[in-house]
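Since the structure comes first, as structure tokens, the remarks are kept for the end.
A, B, C and D label the chains in the order they appear, each numbered from 1.
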Amino acid sequence: MKKLTDQILKDVITPRPENSFKGTFGKVTLIGGNRNFGGAIIMASTAAVCAGAGLVTTATDEINASALHAQLPEAMFADFTDDALVADLTQAATSVVVGPGLGNDKTSLRILKNVFAHTTEKQNVIIDGSAITLMAIEKLEQPQGNIIYTPHEMEWQRLSGIKIGEQTEDKNRAAQEKLGATVVLKKHHTEIYTDDQVYQLPIGTPAQAVGGMGDTLAGMVGGFTAEFNDKADKAVLAAVYAHSAIAEKIAESQYIVLPHQISRALPTFMKKMEKLDDNHHIGFLN
Amino acid sequence: MKKLTDQILKDVITPRPENSFKGTFGKVTLIGGNRNFGGAIIMASTAAVCAGAGLVTTATDEINASALHAQLPEAMFADFTDDALVADLTQAATSVVVGPGLGNDKTSLRILKNVFAHTTEKQNVIIDGSAITLMAIEKLEQPQGNIIYTPHEMEWQRLSGIKIGEQTEDKNRAAQEKLGATVVLKKHHTEIYTDDQVYQLPIGTPAQAVGGMGDTLAGMVGGFTAEFNDKADKAVLAAVYAHSAIAEKIAESQYIVLPHQISRALPTFMKKMEKLDDNHHIGFLN
Amino acid sequence: MKKLTDQILKDVITPRPENSFKGTFGKVTLIGGNRNFGGAIIMASTAAVCAGAGLVTTATDEINASALHAQLPEAMFADFTDDALVADLTQAATSVVVGPGLGNDKTSLRILKNVFAHTTEKQNVIIDGSAITLMAIEKLEQPQGNIIYTPHEMEWQRLSGIKIGEQTEDKNRAAQEKLGATVVLKKHHTEIYTDDQVYQLPIGTPAQAVGGMGDTLAGMVGGFTAEFNDKADKAVLAAVYAHSAIAEKIAESQYIVLPHQISRALPTFMKKMEKLDDNHHIGFLN
Amino acid sequence: MKKLTDQILKDVITPRPENSFKGTFGKVTLIGGNRNFGGAIIMASTAAVCAGAGLVTTATDEINASALHAQLPEAMFADFTDDALVADLTQAATSVVVGPGLGNDKTSLRILKNVFAHTTEKQNVIIDGSAITLMAIEKLEQPQGNIIYTPHEMEWQRLSGIKIGEQTEDKNRAAQEKLGATVVLKKHHTEIYTDDQVYQLPIGTPAQAVGGMGDTLAGMVGGFTAEFNDKADKAVLAAVYAHSAIAEKIAESQYIVLPHQISRALPTFMKKMEKLDDNHHIGFLN
């Protein structure tokens, strides 16, 4: 297993080209947030916007529209039960994030199937939370695209069939190969399984053990892969690393980290990374 | 009566174990906030989240869903008139907080009875505000669980039958023993009656005399007992102490303290406590 | 005309008694904010809460409930078309603020009449904005209570019959005497007409020329008169002075002052006033 | 093409007259924000309020009312499908901003036609986003007023018929002359075509390539032209310059700039400009 270092941030977060416009940085469509779990998709969307994606649309239950715009006027709203609209928004995206707060009832399943039917080969498709559980239970086929799963250990058990106590590197690797997808296995020292390599995240803090932390990571992966789409594989790794690097910094003065604080810290953190030259390490920047 | 000191904070707020996840820090279900008093349950929920509970769900009137998520995307929402859902959420919780802004009409009573019917022996059950009043008026039986009442003097009069002018330590102690519950009697120098001991809070400020202060305390007790469930009795005391210690600090530069400011200050305050060694007192930290 | 000085702040904003609770600082009921002007009553309510009133209830159009609690969980909500509830809340208040964003259609009039029918002799009743206009147009009788009008010049013309160009001290005084009420005439160098004296506000800044500034003042007068009810007449003057003193301070670094900034600055500003001894002037505190 | 300098800020942002009231600084009516794109009109309205317009009304889909007031209590709300109300608000405005998030369905078109039917010769009318697209597609006649278009290159292609690759100064100038309107052509180094002159904006940063940036600019142009209505032509240029000057400053420490940050920075930025004497340049102020 290869340990991730802050080098991944320097590789990915490079200065933006002078002559760029919002289209340069991609579109993210996030689908989730049922009547009960609206906060999850709002947190994921906040991460995608603050990461710097060009355009962000949030397809969610109508009850969440007000809170979404009260938190985040930068995101657009879509009713996630409007199948035609969700299909269009799925097809139009550079990165699709499906699952945060989606739930697992019949409506959730219908929405998920609709999304899966409209992704295409060139898109990044981040599958998170209840979308993973629904896939496993309903035995849905993996959709088209550059698929990135972000399960915690129980969700990974459901998807891969490997029980939590038996999730060794070898078994996980075999499961990843079968899926042909990237797997971000969220745990103490998160592991990322890709086609060529297994990475381990050596950083992180128990202050991150707060509901919504995973939704924020999923949104960051969506934002980074859209914005840095020409190096999407590295962008996944950079999002995972940045998520915990920011949390560690906040945790120096806080007992817990609220997920939205990571998102709101992204623009400043990413600027520091952009300026970092090869002789300086992230630790110097505090 | 034993005076509480900041030692209780050091005893309770210890470093989180490295290998922990959100489940480690418990689940809090808060039930309250009718059509008119939505702010109360939002403030209580904010306290529970900021205290560091692993997962927080807020069961409230549907009218409050938007404001809840606009303030606090980290909390999940449930319609408090959905009896089956509230029953499930009650049973699943480490700590249940019932009462802030619940109101005292027929619907409030139905909701309260539903909650009381589903608590279990191992849970912490914080009973606050109109839930205490309803219990007294409707002569409801005390539910199962580690019961913690957080009445102000008038609510305590209703529950215990002891008139405000006659609420002496002895009488209160006798009433507490009969109840077999912890009683946090909110007043100038709040008193906490437990099975083995009566404690007095020697700190606090009139800047706390603001609507919503008690809702915030109830939420903090919910958060602390869930997060530090293996020392739940001490966690109640620590929540009471921290609530006023933070308020005193804010009141050094403010004429009044807004309740949500206490909640938002919790992550930083708790970090300072975690770092405190035995030779240093909280006063050194300012 | 007597010029107000910062002495009025020292007279009114004194340390809170140690043994006080939220009931000590009064109740404010604010009525206003129709479908279109919800922001007005939210700004007024924010001022009342931040000024330190013990309990604040906002009676407004239901459409404003979410935004109210998203901004200000400390306030309680009531549907202003619920006549029985509004009557109760009016009677229960130490100070009633009616008018901010109330509008002037049939519903507004019905609500206003309902409020006017339920005020009592001992209450402070602040009549602002469209409530003044409706009174004048509909020739409503002045309600019971310690009445405080907060008109701008055009509203004063409607109420008193004195045209804007002819609003001299003598004429205004005569009109005030006929009304038997306090009149806060909002203008460049606001004038306050009371039973014994006419005061002029010598401070203020054109950075205050922003929509919502008057709603905030009405809310502050409501908050101050409830909190300092034993010196309610001085509390009106202190609210007017504090409103512009804070605005001047903010305007040192801002081209305009947003009304909610004044409210949010109140707790800190009032603390400074509380600490001020007689040899120090407010100017020293910056 | 004449390069804009910070001199335009000094020319426009001068100290407010002492004896002024909110009416002195004009009224802005903004129309846009359908069910899906509510954030756009909220961001535009925030810009208009923070720029210092005296009164701001936002006509939008009812679903956006809560989020508008949660973000911005200073703005008034109108249902944009209430034709009579929108007609009144259009006629009453100093500056009308139509288009941000308006959408392009039948309802959008009806609303746009209603607005266009009620503008008058003396008003500033800012036409943005989907309003430009609808005009082009539906071949709507240009409304009365001091018309200011704020298209990006694709919208300009639709309106002028000049393809993106062929949008030279000469062709754009000819199209502007035919329209008899000001054209703010948003691009890398934005160009402003007026009756007498073509200006180029030499500043700006790729950190501005974020959804909502244009909505914010449209709102700022609305705010500046209302507030500085006696020098409305220069106010357009000042708004364009200030928008990018603030963004550049924020981008010194952020990888991206969130649109609302520009609006919220306006009061402080404008104060600095007001104080600037002729020997000091904006760069000195950091």
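FYI, a residue touches a chain if its C-beta (ideal position, glycine included) is under 8 Å from a C-beta of that chain, and two chains touch if they have at least 3 such contacts.
If you're wondering where the values come from, they're calculated on a predicted model, not measured in any experiment.
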item: Numbering shared by both copies at the subunit D-subunit A contact, with half separating same from different; value: different
item: C-alpha-based rotation, subunit B on subunit C, 0 to 180 degrees, nearest 5; value: 90
item: Centre distance in Å when subunit A and subunit B are each reduced to the mean of their C-alpha atoms; value: 34
item: Distance from subunit D to subunit B - Cα centre to Cα centre, in angstrom; value: 48
item: Sequence positions of subunit B contacting 2 or more other chains; value: 66-67, 70
item: Interface residues, subunit B side, partner subunit C - complex; value: 35-40, 42-43, 46, 63-64, 66-67, 70-71, 152, 187-188, 206-207, 209-213, 251, 253-260
item: Footprint of subunit D on subunit A - complex, ascending; value: 13, 15-22, 24-25, 49-50, 52, 54-56, 62, 65-70, 72-78, 266-271, 273-274
